[in-house]
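Structures follow.
In the two complexes that follow, chain A is the common piece, with chain B as its partner first and chain C second.
Let's turn to the complex of A and B:
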């Protein structure tokens, strides 16, 4: 079996299985823990709990004005690579074909040069995030192997995707196989580390939103 | 209860009781594990280690030390979670992915959990994942208390409160204290009435240094002509159990005020100008009851706001500029930002806000028991400098707050810094300026 066939076939199948089962297990495992109801009387005029949750989910998309200056780099850089990843993953024609084959969904693609440019910017932002993590005293203290692994497995698909598109360093088939294998590795790691925040952020923000909207605080 | 100012004091750790190290770790772990309801678990799971919380924490901002990063303060708690509770706990243990906690690590964390966290929740406001870090620190304290690993000064107050129902004074001294205050200020203060509509409670400082606050409250209550009383059965609402992580004591002190209110037929419990009293009674008391409380719990600031709005009292305007320190438990974690400002407006103050105010105001540096923990004094003074600079920048004539513990912290900071700005109480300002 060619490397590319292995990557497209068993490797990706296995990775997706781990991804789906792992994400489900982790979400269900947490959400089934005991719920402690807040029986205190709500502040007069407090919104329904779900509304409080949704408001916090939306509000936390951007820092409060008092914190913008001190979090500016992280905020902007994070937006750049999150949006960049989304544009690359869902905008490239080859990705759309791949997703269509899997799920039968399709949409118009973006020009490939544009997506390539966005890919380069995304990679640069990811490198900037790593440099900051390695040099900022707070981030160095907080970071462990799991953080660096999450970074590596997010960055590799971007890097190999750019190399495959530009056909630099090896045969296209080899580069494509490397790209797909790096995505498989990303999917396998996803449920175990902090990449899960892609799902958890809404629950986490929502829980705080419920707690504090009940008290009449706009978190 | 004013802790001695000893700048040479360095943070360390204290232990309570004679126990083996393993026993302490086991007790902490059992407590940690019990704490994880769905919200705490979601919050443990969602941290991406972005470090933004450091930028919100007054202890980090004042010192620049990375160890004061709020997320880092939760590290032992997070490890306990991953090993014992998380969805992958069996894998984590089987492969030894997360090491078991050791007692020396818990001891080391005592400083981070108690000396350098006021549970003010400013970090909660910045977290892009919306993690309520302050609440997790409070839950971590429950484990530290069970392990007998809390600062000795707080443990001492805990023992006093277990015995007396207050860290300040035994319940049986209350009638004498009230009689003295009553005589000194010429205001009747009812005590132990068998029936009343409002049960009025105090903060420890009001039973010692700030006794005028009792007279001020009495003056207003007498003016509006309600039937009210203070009561030996439940008189101190500050709830040291809430701060220390002593859940049993928290429950006992909570029940004391609510049971007393029910016994005397009171429909309302009036809380003093105290932040943690509000957190413990207003938002957590119902937890112990398992149902909605049979009484309304109201903070002094809300009470003043309502009386003014309903025109049950009128106040003489003060033609000064003022700035306001927002007590975290009342405003950021309590929702009374607007109420305090309405009272200030009624007093005729021209309010000049601090650079950081309202939901993102900086903590006084003394909340969560830090004011009583003499080890933390040098750290607290560094935080005070930030507040002092912000107050001075407003150029306001008066400096007002609505929490007695904040006032004590700010007064101690001012004394240390030889700063002559007085921290005034909102209650006192209203009481002193009641119009006929």
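Let's turn to the complex of A and C:
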């Protein structure tokens, strides 16, 4: 139980400190960067920049039909584990209690067994993503230690959460402590690796959308 | 009736039938989760055993542990333990007082040297040389050291004796420590709880009497038979936990429907005790059945673990204070980083212009 006390107390406090500080630092730093002014004349019928940005954010949630064949597996697999993570994180009663304690927000939870099932599917999809990364020659070449660390720190909370729920491998308090510590590790790494895409994807897609909707000719 | 008489003979003289005695042994064997054959062995061993000398030391405690055993549910099978032991020293239950009481303790220690069992309830204050609690002019620390020196085994009953309990809670002004911090080299059994379950106390004593050794213990020296499973494992409200049905306050519709109390701070998932299976007051109820979450009283430092009503998955630290400070620090760093980038860009532009 001592480990659980450490996890619930100082470990979570430190992780939250690094997470909030790191995310704010990167977001404020990126958003305050000087913008490159596009002095070209807008193309005919160009939408307002913000609309162009929002369109790109939505449109790029699914690949263009020319690329579907090549990216079908990674697209579907990514959807599976992203949606799975969302269901697990926001659907389990224990997680809602955690969020409520932090932000005062609350909503009805999903049945524990259902969330457990989704967790298993999520874990399988994460393993599949790793296998693909390791076996795909180009993807393997592009991957560095930081990518594998991001994968590991995303997968560990899912794995330890499932073990804690099923009470496999150790006593519940040890597994719960391991789960909380794995989340702490995830939060600490989050601002510094590619996990930051959870915040930055909208801005990078939006910036591209703004530029592309402004220039050239309408396709 | 003499202490040298075998227990079986002594109980027969007192009108306890063989049938009742066997029933008692079976009850205790089943409580300890022993195999069916062990009940007969237990009955046989107990019948041949002599009354066990027990010295019960009460230190920084509230007498709840004694009350739990002595008034468990009269007449109860747990109470029968008093027929099997010779309680030679116990503040609440002994007839004598003052010097005569201390004399009785020392007499028992002399007469049963190396064979008596010491039961302790309450934590031991160590600050200021143990000045915070003394009995007959002797500090608790000194009395414990003197009494356990020739004991066969030591049993710490209640969370105060087992883990420090309430006296040890922050800021622990008396320097209270559990028995395990002071007793070395003796078989030690912890039976925590506030109070501990009478079945756990009686069952452990009967096991010691029957088999001459402690029952199987966990890492915190608690008998696995009573502390092997969590309250949550055996809770009748667990079905609601699995279905995601939780009471949000103690008087909402969920609470009235008997839904899970997890969100109201129930510590059942991390508390090892037998309350949910054996229950209290002769099997009538236990805290969760009465509508209150488990407070985790049989676990170390239960008083200092973030609050009795703080839900288990929530943090216990200072995150509400940490988050705004971190956000302000991050924003300042971000502004500084952007200013630096703008400065570099401006310098590059002016260089290009030249």
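Structural remarks
The criterion applied here is as follows: the second predicted complex is superposed on the first by the 214 of 219 C-alpha atoms of A that agree within 3 Å, B and C clash if a C-alpha of one lies under 4 Å from a C-alpha of the other, contacts with A are read in each partner's own complex, and residues count from 1 in each chain.
The definition used in the following text is that a residue touches a chain if its C-beta (ideal position, glycine included) is under 8 Å from a C-beta of that chain, and two chains touch if they have at least 3 such contacts.
What you are looking at is a predicted structure, and each value in this text was computed from that prediction instead of being measured.
Superposition of the two structures on chain A shows chain C fitting alongside chain B with no clash.
In the superposed pair of complexes, A:26 makes contact with chain B and with chain C alike.
In the superposition on chain A, contact of A:17 is made with chain C only, not with chain B.
Contacts of A:74 after superposition on the shared chain: chain B is touched, whereas chain C is not. With both complexes superposed, B is the one of chain B and chain C in contact with more chain A residues. In the overlay built on the shared chain, the residue A:34 is in contact with chain B and with chain C.
In the overlay built on the shared chain, the residue A:113 is in contact with chain C alone; chain B does not reach it.
After overlaying the two complexes on the shared chain, residue contacts for A:204 are found with chain B alone; chain C is out of touch. After superposing the two complexes on chain A, the shortest C-alpha to C-alpha distance between chain B and chain C comes to 6 Å.
Once the two complexes are overlaid on chain A, the chain A residues touched by chain B in the first and by chain C in the second are 25-26, 28-34.
Residues 1-2, 4-5, 8-10, 12-13, 16-34, 93-95, 97-98, 101-102, 108-113, 172-173, 176, 180 of chain A touch chain C in their complex. Residue ranges on chain A touching chain B, taken from their complex, read 25-26, 28-36, 38-41, 43, 56-57, 60, 63-64, 66-67, 70-71, 74-75, 78, 136-143, 147, 192, 194, 196-197, 200-201, 203-209, 211-212, 215-219.
Against chain A, in their complex, chain C makes its touches with residues 230, 232, 241-244, 246, 262-263, 269-270, 299-301, 305-306, 310-320, 322-323, 325-327, 329-331, 333-335, 337-339, 341-342, 345. The touching residues of chain B, counted against chain A in their complex, run 36-39, 41-43, 45-52, 54-56, 60, 66-67, 69, 71-72, 85-88, 124-132, 135, 282-287, 289-293, 296, 332-336, 356, 359-360.
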